[in-house]
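Heads up, the next two complexes both have chain A, just with different partners, chain B and then chain C.
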Partner chain A sequence: MSNTRDFEPTDWKSPEMQARTRKRYRRDRTFRAMGFSAVILAGLFLVLLIGRIFQDGAMGFMQTSIDLDVTFSEELLGDPRAMDAEAFEEQVRQANMSRLLDAALTAQFPEVTSRRDRRALIRIISGGAREQLRNMVLETPAIVGTTKTVRLLAADDIDQLRKGKIDANEPEANRKVKDQELGWYNKLVEEDRVSLNFHTRFFTSGDSRDPELAGIWGATVGSAITLVVTLLIAFPVGVLTAIYLEEFAPQNRLTDIIEININNLAAVPSIVFGLLGLAVFLGVMHLPRSAPLVGGLTLALMTLPTIIIAARASIKAVPPSIRDAARGLGASPMQVVFHHVVPLAMPGILTGTIIGMAQALGETAPLLMIGMVAFIVDIPGGFTDAATALPVQIFLWADSPERAFVEKTSAAIMVLLTFLIAMNGLAIWLRQKFERQW
Partner chain B sequence: MTSAAIFLTLVLLAFIAFVTVRQRSLASVSGDTSKLHSLPRHYGYYAAVCALIPGLLIFFVWVITGKNIIEGLVISGLPDGLSAQYQEQASLVLNRIRLAVENPASSEKHPDILAAAQQFHALYVRGIWATFVLAVASGVGGLVFANYKTNPDFRARNSFERVLTILLILSSVIAIITTVGIVASLLFESLRFFQQVSVVDFVFGLHWSPQTALRADQVASAGAFGAVPLFTGTLLISLLAMMVAGPIGLMSAVYLTQYASARTRKIAKPVLEVLAGVPTVVYGFFAALTVAPFFRDLGEAIGVEIASESALAAGFVMGIMIIPFVSSLSDDAITAVPKSLKDGSLALGATRSETITNVILPAALPGIVGAFLLAISRAVGETMIVVMAAGMQPNLTANPFEAVTTVTVQIVALLTGDQEFDSAKTLSAFALGLALFLSTMVLNVFALRIVRKYREVYD
Partner chain C sequence: MLDMSTKVDPMTEIRTPKMAAKDVNVFYGDNHAVKGISLDLYRDEVTALIGPSGCGKSTFLRCLNRMNDTVATCRVEGNITLDGDDIYDPKIDVVQLRARVGMVFQKPNPFPKSIYDNIAYGPRIHGLARERADLDEIVATSLEKAGLWNEVKDRLDSPGTALSGGQQQRLCIARAIAVNPEVILMDEPCSALDPIATAKVEALIDELKGRYAIIIVTHSMQQAARISQKTAFFHMGDLVEHGDTTQIFTAPKEERTRDYITGRFG
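So, the complex of A and B:
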């Protein structure tokens, strides 16, 4: 009952305590700043990553061309008026188009005479130019006998020079384009024959060893076929599994094991799925190597947990009253699920599926295991054709020694990211449009 | 005749069954559906199932086992000389036969092999026709059966729904089959590997050089399969990644849950999600093209020699990749801490940073540890970044400036490109895969257990 205290009350106004409080607040501000800078740092990494890719990739969609006056000589190609169509076509296919190029270049650079120099000269034009000329002749046979200015793709080194990736001021020994070629290039520039154009071929052709001829269409088609297989397997199996686990499964050991299994599968490294695909689909079932069918199967097993988990959450969100009402009107348990619960849960299920598909689209490692990493020029036409996929194409190009492939790789990454953003955007839109508050 | 044709025929048959039986059920009550037990389409569904399922089973048995059985037959039918050779180089002979089958114009000259290839082809054609006939016959049988059962009292809906239930259960079992498949294939191939290389050498060996020579007299013909350098390399890179992702991920989670306004959260969260959505091959390209040269130049500037394929570059970029992973899992752990704890601390006069470091983080610690473990397991299993940015040299070092190699890099290196059959080199990839699978599995189970145990305390 005494009023005596065994300690003095804190004197908050004292200078020591004031200093102490200030120090504590300062520490709080520092801590807050640390948190803020962590967020900013994460954002900065993203900006750096995307920025670097875009900076390199923008030029990957452009390609340097050289305008040359090509004389389509009758002597080499035959006269389309004098012979029947088939014979003419045959002759054009057999014809050595390099001679047209050679003649055009000689006309352009009459001073180049020695054999060696002329061989160097023809190398400033892309190897694909012969095919381009051949196609022109086959399309319009009437062109034979005339001289036309044709826009031909430049070789990759000239292209890099035009884009400033090769510095003309460096000493010759360190430069891929030698002084001689530089002279020719400068002459062409003076005559306004060099131009930088949008490169549609990048979107329409398959892989190639030459950067200026390589395109992503083959890989895109390969990815598309692979994803179709993945979707056809992972979607039904995933949804049916989710339905069973949410609506029908009894509480027993088997159900527990399945649930634990799905959660564990979601965390298995993707490369292990590749090993599974290699051992089972290729080793035991003898499905063809490098085929989108096998890639799709492997990726389906990988994305299955994602779809199951999303579908379960979405089915769980459908209120029980819906089920009760349907049961009350005489629907069987199956009818309740398939006529009412699943349609209501569909937006959520689709969102999860799209996210799973986006994951599968960006996945590389398992595809390396099952051989979808080969150099494939042709555009795949079916489930068992040898194919590659967009991310694998990126991996292959990233490995190429040619300088020009760097921008192609970045450009391919931009295309891949565009697809991924579109898919995720679609998922977000679906969620927002159909999300329901019960 | 192709496999696809068999499949399409079966689907067509199922469709015919649906249409005819549906009509028959309607006809059996002269159009008065109220007299039917089930809706007409249920009779149709039931018939389609009867027609499809047995045929599909036969079809799948053929697809999965057909070629293996025929190969077995062909091998046992080989002349004695070849089968003696076969004992030694089983897959080599088999492969020559396969090549000769796929490409009749190939350079294969050996008459026995050519004969075997012809026999294979003949058996294959016979097999696929047998499958076709069997599958179609069973489909027609199913149709006839369903047709026979169709009468107004037949509970078609119940029967069909029973089939559906079985389908649902089968779908769920696929998850188990996948796991079993992973474990079985990894174990099976690993066991074959461990017949050639002892487990002790693999787990504790310090030297990794899987290039086995083709001839016995070549230098270093044995090939060494000591995986310790790979394990340490994986650990080193994962550790570096966690040194980047741990602080940044945790601090950003703390900031976003405790300090940030709703508007900041709305901007920052999607940024982290995008970071998580970037494909790993893109990170790999970034690491190899931008980060590795940057570190090398930086090292040159300050006088440290940093390899152009250093562990540092790979680890750093991998760290960026798992920031969102750490951040979102830590976020969950922090938000799960009851608000009363935080309010109590603030009410006693603690500043926010004191509340966070002394109250919230200790309470969320198990969840955060779980998050870190999951992130490590993610880093251990990550492939593309290390394949593109870390080296191939199996260095046993803890120096982040040197090149190291990882388990996943070696798996990719061993299994892409030209493969030898059944060599220790190829099989070792599966042993590495098994080690990878087991370690990530243990990390995950452990992490989930910690997280779950923690949740029980506050709920």
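So, the complex of A and C:
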């Protein structure tokens, strides 16, 4: 002990020491400031993004309508009192509803006489107006023979004009709505026949070439069916894989390789899964193109690694003492896992699954590969019907030339984000509900 | 020296051990953790396993109900019998073995379930209760035997994890008793408890003595002296000395034992 030199007492008040302290404090402050600015910056981007989408999309939920006095002529539609219901229905279905529109517009604008102008005039009303009138007659046949003020959807250009997206002050050549149409529009406005209403059709109809008729219900149902398939495949397979790898598989080189590859799969670009789905499900198994079944299978492949990784992590987080306790009482390996480990890991497994599902819900690229990018008007009714999905719908609309699809795109993004937020909310709720203390 | 604790029945003058280990070797990979240990464990006794950390006493204890099976690298050689049957025989059902040889762990590890379900779990998986009333009875009896009944009888539905540390450990003992074991293994059951809780658990062990063969691993020499009738001293994987507790603590035959119990190393 005698040969060890004693340390000199440290002079904590020396200038060097004080400089050190100051430097340490400065670094600490700089780090905090940087972290704080990073958070602020990220927040700003988020606000910008959401704000921009809202600004564009809010109007997507509204649609311009024009009130017209429509005379439901007996001559064209037939007399429901004089003929049996079937024959009447047949006649209504065959009837050229444009003539009703034409008549109503002529009544409104008696000064428009030339064929050409009248054809231009009828185009300020949406093409869907005929279907709207037909449905009215079919619903209440008694309407025939009367004249009613009907609120008809305006064409997309008139809608954009009403929403101020088309500037009336621009020179005519640069403007989508010509002077003539503008005159008609202004006259309608003067008579208080133009109104902007909440557009329920947006939530209830499928895709359309006409922005005012296009809706997201088809894509929503397509996404829902696709996600059901994904969940049915990915959840059991993923969770069982995780349980087997974590609790039963021997620790050897093979399981190491499997583990590494699962982690790698999580990082594989999604379009590669799309190509795989194209090759396997369409090429080899000859499943129908554009079907939610195939989309779901492809997304299940993509979601599997996410679920497996999350499930393994939460299984691993269950304290070994719980396993010991159960084993010590004579629980079989399966009882240990299913009575104790899985229930305790469930919040984590469910959270991981929902995150994976949310990822699948937002996935576009693999669906393009398997043909879910087609233009589909009908609402899908089953696993093999042609369908599209919400993000693909957004992609399709963003690609459309019509000005009015811009706001539809943003509106669809808002709907998609709502679903994503709801799913994440569900994940948080499930985690808190099932979380246990030990 | 006379056996001070067990009243030896003349009929069983030559007592048969409940469990017997013969020349047991345990390896973790290349690490030879337990070296050729032979030890008899009797039904009406508390046997304490003492020794410094890493001496193999816990490993040996976990061989007695094959808890080491789950450690992939662990290899057990030699012969361990329960009532004369080799417990490492491939024909032995490990689930039944662990029901007969219960275990209490170092850290209280109640299931994150209600107190009732903690106790009822073992009887349920082994089908020991035919009706709910039977199960209620088992739960009540086990908690009474563990001296916990009066403290928890009004809140059997509250989570077992909400109890204090000492209560949790007694809950774990009650849980082990509930499957009606013949042997109870305790791996440092008091090391995470305060002195008051420790005293309660020790009193409980004293209470249970005679009904079960109890084997307890402990780091506390005083505890071993207080509660055990037999003591085995392990060092570096060897069983250095074993015998009556009073003899080990008052007149150890081996130098190493003497050094350890007098605190010279360990």
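Definition applied: the second predicted complex is superposed on the first by the 393 of 438 C-alpha atoms of A that agree within 3 Å, B and C clash if a C-alpha of one lies under 4 Å from a C-alpha of the other, contacts with A are read in each partner's own complex, and residues count from 1 in each chain.
Everything below uses one rule, namely that a residue touches a chain if its C-beta (ideal position, glycine included) is under 8 Å from a C-beta of that chain, and two chains touch if they have at least 3 such contacts.
Note that the coordinates shown come from a computational prediction; the quantities given were computed from them, not determined experimentally.
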item: Which superposed partner A:Leu420 touches (first chain B, second chain C, both, neither); value: first
item: Touching partner for A:Leu344 - first (chain B), second (chain C), both, neither; value: second
item: Which of chain B and chain C A:Ala82 touches, first, second, both or neither; value: neither
item: Touched partner set for A:Pro250, first chain B, second chain C, both or neither; value: second
item: Which partner, chain B or chain C, touches more chain A residues; value: B
item: Which of chain B and chain C A:Ala325 touches, first, second, both or neither; value: second
item: Touching partner for A:Ala279 - first (chain B), second (chain C), both, neither; value: first
item: Which superposed partner A:Arg24 touches (first chain B, second chain C, both, neither); value: first
item: Residues on chain A lying within both footprints (that of chain B and that of chain C); value: 332
item: Residue ranges of chain B in contact with chain A within the complex; value: 63-64, 67-68, 157-158, 161, 164-165, 167-169, 171-176, 178-179, 181-182, 185-186, 188-189, 247-252, 254-256, 258-260, 264, 268, 271-272, 274-275, 277-286, 288-290, 320, 323-324, 327, 351-354, 356-357, 374, 377-378, 380-384, 387-388, 408, 411-412, 415-416, 429-430, 433, 436-437, 440-441, 444-445, 448
item: In the complex, chain C residues that touch chain A; value: 65, 67, 70, 72, 95-99, 102-105, 107, 109-112, 121-122, 125-126, 159, 161, 172, 175-176, 179
item: Contacting residues of chain A [partner chain C, same complex]; value: 250-251, 319, 321-332, 335, 339-340, 344, 436-438
item: Complex interface listing, chain A residues touching chain B; value: 24-25, 27-28, 30-32, 34-39, 41-43, 45-46, 48-49, 52-53, 56, 236-238, 240-241, 243-245, 248-249, 257-258, 261-265, 267-273, 275-276, 278-280, 283-286, 301, 304-305, 308, 332-334, 358, 361-365, 368-369, 371, 373, 391-392, 394-395, 398-399, 406, 409-410, 413, 416-417, 420, 424
